[in-house]
Every structure is written in structure tokens, then in C-alpha cells.
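Every chain is named by a letter (A, B, C, D, E and F) in the order it is written, and numbering of its residues begins at 1.
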């Protein structure tokens, strides 16, 4: 589909500086796929940010933490929905599906995002005071 | 703690109209506690909205759906954080704890919310085009 | 109620520069009250912005336009709720009441804000394509 | 116009389960048109959410409440603008026009949304303390 | 690229009323270019808002104030990124480049926007109390 | 000032685990002050996130990059204002002042944030199509 051009070009593998190339290698090894999506290919213009951001996601989103990887991916999609980031909703919904999310789970998660947005505004708009129990 | 007054007063049980009183009874039965928090006590000025909103949360947030109740509560806190709703962050964090969330799980969830907010802005600010694979 | 201090101090009438003083005079004449709320008293540190902002609101929010002053005030509260601006929700709700808004109208407006926030997120989260009829 | 595919497919009438079909029938009867827009056709994957959401909008947005239907539609567009929901801005602007909104009223409403966004940020950024009168 | 139509049509020079035409003349003189971008061409339907908005930007964004024009343009892009305004991110990034912004500066600014979004959510989500020193 | 308690307690120096203590030492050395603000004291419950977040800010916000440290701090305040993070607006405004920001520069930056929020909503609400020149 035709889209606007990014602010900085999508970099091909042969255009990477060595620090960025090393990150791409780690992404491929971690995800066990050759595919590197555009987010990383644009971020690669700033290798320090690429390293930090990939390092952060690798540390946070994998196995072996207190939350299940699928749960974490659903939280990621929920946040991306509230922030209205098309790229992120689409890429992290795909990631959630790859981790086993069913259509029903995705629809249910979005129902909760919608309900929370509704009650968030009611609490703000009506200026509900925090209960002693929650203070 | 001293707080601003709400837009519509916090209603005591004796001030409720019958429709609102019936909802409060259902909240108490469902949650198995006598405590009704201020959100519902302010919303009670509009019984139709109270019925709809409680009905929606009761249907969405309980057992027996495709997502675990604790997972759903964590998603609720995540959304409330992005929307910056103090009341909601505090009340739903309390609810998550009541459903078994550990400090570590809460901290981890907030790390993911933070990371998603970061990458959401990078995707938007750099205008990253959606990959064919996600389109 | 005890509050944090503003970034720039709340200016008393005797601390105003002449441009700011002239704006305050116009606010008082337009609103037919001596009371000047803190928003203008902080903004008065930047007389150019004070002039522009007061001029804009005076032009937009009064009588004689295609929308009723109360309707405009309700729209103002709705926007302030979505942006979660406590100061603005409170001051513009007070303004709406001064223009005749009933408790019921305020509650109804907030119900619509809440419902719109809910369906906004569903449209975004489910990536609903725009219908031919709306394109 | 070419667009990204939704997270869950747009359902045709023949693909609906009976609960969703009943909602569609009610939408058609209420709106007195055969046209069902994509929002409902995607939401139809989750009949419970479809029922709740349609029920809520039907109850809120019609005649016979304390606010005029056109006013309510303008508030809906205002909220959708702040949330940056393209689908919602476009579909509810169309709805506002169908209820009689003129170009001038739409432009005026957007001017107020813009002005409110401006003053919301000033109140937040300058940390203006809430006046005693609004507390 | 094919796009949705605006809510009000993009006006050609020959369709302007005299007040709007005078603003366009001033934009051309100030920017020393014949090009008038779509934002102004749509806003021209509401000459009062066009005058106010152009007047505000002309006063704020030029030379001779306490902040450098390039710095001001970077702040503008940062805000537009948080608000997820595609039109604004793209047009103000172009303006920043015209004022001398390098790719590195744009990437660095976006890194800061991303980091701020991250820590903003942590402060909100963890409900960090304001230090005495900042109160 | 009395405030709500944080989700996880503010940690004193003697309560830190060794990884968190090492970060605090680095913060003190970098900032050349003994003062550690509450943000880090709450984040210290999650030493991995503390390390990542401090490392990111240290790398981004100091001297020796393509943008001036004061400019970067102003961008940080601008983003925090749009996100309505009271803690962040207050702490980063203090940081901007420590780096030399005058009252006039802070007021001017907030005027730009406000104007950008205004034009962002107009571009979104009127659905202004992106010009060929910016695509």
C-alpha cells in the first residue's frame, strides 16, 4: 500500500553502520527469523537509540519474567491503542498472534481498553475524589 | 487527605434512587463486600449510566472469559496510566493486588507501559511506514 | 486547599504591567464581575500571550455566533476532560453552570464524553477501515 | 481508497451470528436506513460488546434527553478530534451534518476544541492552582 | 498520494474572501514563498480563526524572541509527535529542516520525546510523590 | 504538602539493593549533588528498569550531543506538559532553570506548546490532507 515516506529513510542491511548491524544480528538470533521490520530499519540511523531500545524490549518482552509473554504483548497493544499508534497496534497485534493470541482474546482485550477509557473519563470529568482505601 | 469536591456530590446509600440502590446491591453481592467506592457513588446521580457502566464491568472483568481476571486488571491499570487518571490508577492497582498481583508484576507491567509509550512515539515521530507483513 | 505553587507566581492587580492591566480591565467589563481567576493571573507574566488568549476566548465563547454559549461551554468541558486538565474541568464546569447548565446536562455531557472515548479506542484498536460513505 | 485491513474482518450480513444480526436489525430500524457502517461490522465479532455499545449509543444519542441531538453529536466529534480517531471524526461529522450541522457550526466547534486544547496546556504547563471559587 | 477529503474543501486563491486573502498575502510576504500549505487553505473557511492562528504563529515562531527559531520548531515537532498529528509532524519537520535542523538533531529530539514519554508514564503509573524541592 | 502514597514505597538509601545503590552513586557523581529525587527512589524497586532508565537519560540529556542541554530540557518539559505529568513538569522545569532557563524562556516554550496543541487539533479535526511537499 502506498504510504508517506518516513522522516529518515528505511535502511537496507547493506546501509547499516557496524553498531546497527550488530543489533540486527541480535534481533535475528533472538526472534529466529531473518525478517527485520521497518521500525528498527528507521531507528538504525541512531545506533545508540537502536541499542538501548532493542536492549530494553529484549529484556522486558521475553520469557522468564513475572508476567507471561502473551500477557505482556497484550498490554503493549493496549497502550498502543490508547496512544493511537497505527504502526504499533498492527505490529504488536501480529506479535500477540504469533505468541498465541486468539481473535477472542484480542477482541476481549480491546473491550477492556474501551471500558477503561470510558471510566477513566468519567472519573476525571466528574472529579471523583480518591477513597481513603486507595489513598 | 483533603481533596477538591466532585462535580456532583458523593451519594450516601440513603440518598440513592431505587435504580441506583439496586445497582449498589448487585455490586455488593458480586464483590462480596459492603464497601462501595466513590466512583459509583458519584455516578449514581445518573442511574442509567450507572447501570450500563456497572453492567459492562461486571460482564467484562470477572471469571469465565478468555483472559484471566488478573490479566484484565493489569490491562485496566495500563490504560489508566496512559490516560493519567489518578483515581483509576489507584483503584485498579488496588483491585489488581486483591486479585493477587505482586509488587514485581505491577512494576513489570509499568515497565512495559513505559517502553510502549517510548516506542509508540518513535514510530509516530519518525513516521515509520507499516511493513507489508502487518498491513 | 493547599496546592503546589505555579511555575510563575499568581500576579496581584498591583503587579501587572500596563498591557496586562488593560486585558484584566476588559475581562472585568466583559464578564461583569471583579473576579479574575488564577489562569489569567499566571498568564499575565506574558502579556502578548495574555492578549492573544483572552482575545481568542472573548471572540469565540460569547453570544452572536452559530453555536449557543452554553453549548460552547459544554464542548470546552468535554475537551478539558479528555485532556485531563483539572483546572480547566473545574473552571469551565463552573462557567457552564453560570450559563445555565443543569446537573443532568453536565452528567449527560460526561456520559457522551465517556462513550466517545470508548468507541474511539475500539475504532483505533480494531483498525476499522473508513467507509466509502465517510471518505 | 486503499486502506489497511482491520484486525478482525468486516462482516457481511450473511456472516453474522444471531445476536449480532438482531443488533443490526435494531440499528437499521432506529436509523431508518439499510446502511450499516464498518464500525459495527467489525465489532460484530464480539456480539456482547456490540449489544452493549449499540445499546449505550442508542440510549445516549437520540431525542428526548436534556441535550439536543445535534449538540450531542458535536460533543462526540470534539472528543474524537482530541483522541485523534480518524474513523470517528469522519463518521460523527457525517452524523452531525445529517442532524443539520452547517459548515459554520462545524468550523466553530473545531475552533473551540482548538482553543480549549491551547488553554488546557497552559493551565497544566504553568501549573495554575485551582481558585478557591472552583475548588 | 490518495487521501481522504478534508471536512471543509481546500480553498484555491480565487475562492478566498478578502480577509482570508489578506492573511495569505501576509503569509507569502513573511515566508518569502508563494507556496501556501493545505492547513491554511482549509482554515480559510473561517477567516477569523485564520487571522488569529496565523497571527499567533507569526508572533511566536519568528526571530527576535528569547528562544531560537530552530529550537521553537523542534518543540513544535515534539508536541505534534505526542499528539500524533501526522500533518503537523510532517509539515513542522519540513520547517525545522528549512531552518537548518540536521538528521542527527531530528533523531536526537525524537529520542528525547520518546524518553520523556517513558518516564512520564512511570511517574504517573507508580504515583511518585512530588519532592519538597519541586513543590 | 500532603500527597497520596506511591504504588511502591519511596526507598531510603539504606533500603537499596546493590544494583540500585550503584545507580544512585552514579546519579550523584554525574549531577554533583547528594540529592536523589523520588522518581529514582520509587523506580529503585526494579533495579533493571532503574539502570536502563538512568542510563538512557544520562546518555541523552548531557553535554556533547547535537542539541544544547537547555534545549533538550525544554523539549522534556514540553512533552511532560502534553502528557499532563505533574511530577515531570515540575522536576524538569526545575532542571531547566538549573541549566539557565529564564522565566521568559519557560513562558515562551509553554506558548509554543499551547499553539502547537491548538493547530494539531485543527489539522486533525478538519482532516487536512498532507501536501505533496510534505509527503
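Keep this in mind: a residue touches a chain if its C-beta (ideal position, glycine included) is under 8 Å from a C-beta of that chain, and two chains touch if they have at least 3 such contacts.
Just so it is clear, the model here is predicted, and its values are computed rather than measured.
Undergrad: State the pair with the higher C-beta contact count; candidates are A-D and B-D.
TA: A-D
Undergrad: Which integer distance in Å separates the CA centroid of chain E from that of chain F?
TA: Centres of chain E and chain F (C-alpha means) sit 22 Å apart.
Undergrad: As a quick test, compute the distance in whole Å between the mean CA positions of chain A and chain E.
TA: Chain centres of chain A and chain E, defined by C-alpha means, are spaced 27 Å apart.
Undergrad: Taking each chain's centre as the mean position of its Cα atoms, how many Å separate chain D from chain F?
TA: 34
Undergrad: Can you list the residues of chain D that touch 2 or more other chains?
TA: 1-5, 7-8, 49, 53, 56, 78, 82-86, 89-90, 104, 107-108, 110-111, 113-115, 117-122, 124-127, 130, 135
Undergrad: Touch graph of the chains shown: is it line, ring, star, complete or other?
TA: Graph shape here is complete: every pair of chains touches.
Undergrad: Which positions of chain F touch chain C when the two form their complex?
TA: Against chain C, the touching part of chain F is residues 1-2, 84, 86, 89-90, 93, 103-104, 106-108, 110-111, 114.
Undergrad: Report the residues of chain C in contact with chain F in the complex, numbered from low to high.
TA: Within the complex, chain C contacts chain F at residues 2-4, 7-8, 45-46, 49, 53, 83-85.
Undergrad: How about chain D: which of its residues touch chain F in the complex?
TA: Within the complex, chain D touches chain F at residues 77-78, 81-82, 84, 86, 89-90, 107, 110-111, 113-115, 117-122, 124-127.
Undergrad: In their shared complex, at which residues does chain C touch chain E?
TA: Against chain E, chain C makes touches at 4-5, 48, 52, 55-56, 59, 130, 135.
Undergrad: Using the touch definition up top, name the residues of chain A that touch chain B in the complex.
TA: 1, 3-8, 10, 35, 37-39, 42-43, 49, 53, 56-57, 60-61, 65-67, 71-72, 74-76, 78-80, 82-83, 85-88, 90-92, 94, 102, 104-105, 108-109, 111-113, 115-131, 133-135
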